[in-house]
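Structure in structure tokens, see below.
Labels run A, B, C and D following the written order; every chain starts at residue 1.
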């Protein structure tokens, strides 16, 4: 066994997010996979739950307990929404806790209560390093935009972002941060692979139902990721931003394609828009802004930690259209967790994270 | 051979639209399939081109000539955009010509020139019977809305609608006809199966490229169906309507799911919206307005001539969201052609047209 | 309401086989859909269970009782294996009972017990009209092969065949009936769409698990359809035939592709083989023997009652290879039931049954 | 730029095999990607051809010339069959040439001529390290089987195996090497993802044609991989082995599932079979023999260099059934090339090669 610096446990390892965390951690040169735990699946051979993780096939899922998790340097919580807050409260302060659930993402207790129905568990540093957190100027040279990354270096609690908010927030934040977009006319329609809906046994998620078919869900502004997107865009804009968001289910196991549009302020040009996105992302290793006229495909980011996006101004109607592609399980969940782990422990931010997708 | 009343030729029978026309015509009790013609595929056994049309397997594709087509009662033109106008000009006036191409859809020569680049070929009756063609009141009882159907009864020239405009126009027209929607803030994102892109050999349409992947195209308001959608909605509204439209390619062979949103006028309620859609479609055999909280899936309309739609008001942002599902080849093309054939010849409008989808 | 001759109930209407039966019955010109019944889903709106059956959306699933079923002319039993025998025993003798389950297919009580584990419920006429039931000669002109059809005309009890046995038996039976194949070296590998596994909530049937993936199951001769296939082929051969059968799950909702191979007897030529298949199927409306060098695709028989097959002799190894495609829910289940209903009531055998597939 | 030891060029980089080679080489810690070359695509930006290879997006495809390739330590030839021999003849002897084409795989010139139609170009060391090359005993403890690996250490010419022969040969070779199987009754049916058919623009490879559909091709023993499989199994058996092989196309971009059956010699038990496979593969890092009753899925090896297999004895018919899953582009092509590169240069055999698949 090669010595590895950081021992990482994965709680909720039987689900899709947990499995993806394990896949990435196995490929991370400074990480040793520690305990893999679950609730109802405890006692099961990992090879029966995640047969694709062949190097871990003979591991057995342990029961999730704070004591077991506390024996590690870091823990990825891949639990159902609402389940991580209570567990996290029992974990040591110096243990890095990467919560893939929603429990600690929202700053506004009212938004939390409205969309999740339970009591607010408090807010943790938000695990989206590339997100602009304040307005910036594209004309003042040299001034790098403020970003969320600063709050993550050395952190020991991280609220890993939701899968939809990742691509959508990164797709639109530069325009808001640069003051180019109206805050009250954002419309987003996104298509997600079925792994985004989890591994629960629901009739509408059967292969026979989803293959060859597209369908919407959570229509009418009721999807729980809506306030998270608004929080991110409002932070970038420095003023409240509202969003119409419609998610759809696509016949593919992984991937999100988010079509994000907003009304541009009067007089804004295509060149100004591209300049703002360039300013925001030119140095970001995990964001690819495609050349004009090129558009992303979800296949190109499968298993990759990259968000790829293309941008156009529809002058006829005065809207910018940004289409972003990501892997909902990688950059949309587990990859972001590993990226934050790197930041938290002072490692190179890109360590162990793929920037190539598995295509075709 | 059972006697059949109407002999119908299909020109451009080697493509997907032509194949679907043949599939539907084979199941039509009053139709006899006449000549099946093509350009470069002339001379080919139909069984080699459309192996699913087994009753026609031994037919051979003839060359498309006006003389051959003229021997029929009706002809479906399933030709590339721009190819049907010249051919149609050589066909007898009393032959029913159902043009699945775009050539005769747009009333505005400038819009045609802008989006298609060639000279305008004139406008034919538009083959969308259910489309409201003027504002209507939901409160004056008994007054059935004016619809496009009136122009199709007995027609001998029909411009069959585009696949995207079908679902999108029908999804939003009631709201415009009832005066409930703002005309300048429509945003539509639609996902289409790959058959919508035709049978041409393009690298991005290979199975290896499209399976498991979503991607956008024609982003930024440049898709050719945009002016057709605007024309339809403007007719219903009685004032100019503009649309932001982004199409995407989904990993499925057939089907369109269109997420259509528009800002509602101040004070408009969910009940008013539902009332308007009910008024427009209560008697329409090929439009299914799903109950509140139910949403359509493309699988449920595969091979069916139905557009299924669900509707919600997002009160937080003041937008109505209507999601519509259709089969791009059936109601989106060939089914509409057959529906118009029924109207043109005075047959029951639903004759030979499936209202069940092939699911799962 | 148009008058319809035959009232048909569907028991087990909430599953995939039941749904397909309803889809076909809706399109049958002499049938009126009667009661739709279920067990745990009783009380549910049919539109919530089978949204693709729009004309029946407002029907409510009734509880399955013999009294209710007895009010009809015919009943399709689409129940789990082992559930139909007890119910059928309570139904009137003059009610046509079409059992889509396995309960009454096998003649050999030992084979039943070995593969199904319960007591044998007796044998009903087997619903595969095209199956040769005895050896035939391809050289004695004029002598039409004996077929299973004879046992179905006027029948009131029918054991509808299993989905795999349908394509596989029809693929190989002519060779056995004509005495061209060795009885002890049949190898079949078949790929099925996921609807063949039913609507039960199993983790391995989730869309995330099946999309983009092939996997085997029931490997090693343990699949329950094995004795049914052997029974059919033995009947055609006039001697016991054994079969190595491996089923696999394919990433598609419908369809079976069965690759069926057998060692040919010494000296058998490709021409003899083709002659035997021609002799068996030349007049069969639901069997398409493709020309030499052409091979079937499952897409071409989607929703169709046709089995399409291609045939080749591999002279290097002395095996015939027949590849057959069918829709597991149509010809593989519900279509066969309707075909038998036609035979039982003296209607044209093809009435209401599609012979075109839904492609692309 | 980090210093990297080995500079590797990829010729034919625009195809799927070339793209996969680049994906793996990018993740290899001792490799620097050198020239990327093509024929008709020369001059194209790599980002337009393989958008998933984001780190190489701005590279431009060069024209394939021997001079350019000769500047490297190794070259991967991912060219059409028949194109690599002429090019390879112009390359220096000390340059490692990894030929993903078929040109140098077959030892028998007659078999080459029969299946490929051109002149035989000679035979290179065959790049399947795990393949037993001679009969072995499972009872004599300590005697490790002879394997192909020996011929690859330090090699400078490697014939990378075909995608089908990889999984199929490895699935059956242990049984032949251990003397447990009859040599004249092997039947294999395999399902491949569409990338196995390459990137050529053929109508039957369009997404609309392949999604939701299974179809066979090369039926009747005519597929070019047949003699390669027979060569491999004959080597293991020490006597001529013949194979009936039928390939099918599955609706997925990647992956092969091969169902491989053979008649066992009289008296062979399930325990003997498992022992033989264990003897052959217990130390192989890229072969996973699943526990009894477990079966592989192609999704579990996507992007991985592993062949996973399950094994059962069907005692009723006296056949062993081994089902093997692989990624046709990884272990089936480019991964094998990188594995051989590691062996050729004396690196750890597993360096840079994933053993986890991308699931779900």
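The rule is simple: a contact is a pair of C-beta atoms (placed from the backbone, for glycine too) under 8 Å apart; a residue touches a chain by one contact, two chains touch by 3 or more.
The chain lineup, named per UniProt: A, B, C, D = N-acetyl-gamma-glutamyl-phosphate reductase.
Owing to the predicted nature of the structure, the values given are computational and were not obtained by experimental measurement.
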| item | value |
| --- | --- |
| For chain A and chain D, chains touching each | B, C |
| Chain separated most widely from chain C, comparing mean CA positions | A |
| Length of the line joining the C-alpha centres of chain B and chain C, rounded to whole Å | 36 |
| Separation of chain A from chain C, taking each centre as the mean of its C-alpha atoms, in whole Å | 46 |
| For chain B, residues that touch 2 or more chains besides their own | 16, 194-195, 206, 208-209, 211-212, 251-254, 296-297, 299-300, 302, 359-360 |
| Residue numbers on chain A that touch chain D, as the complex places them | 16, 19, 23, 26-27, 47-48, 50-55, 57, 195, 211-212, 253-254, 288, 291, 294, 296-297, 299-304, 306, 308, 354-360 |
| Chain D residues touching chain C - in the complex, by the definition given at the top | 184-185, 187, 189, 191, 206, 208-209, 211-217, 219-221, 226, 242-244, 246, 248, 250-255, 257, 259, 261, 263, 295-300, 302, 310, 312-317, 319, 321, 323, 325, 359-360 |
| Complex interface listing, chain A residues touching chain C | 16, 193-195, 197, 199, 201-203, 205-212, 251-253 |
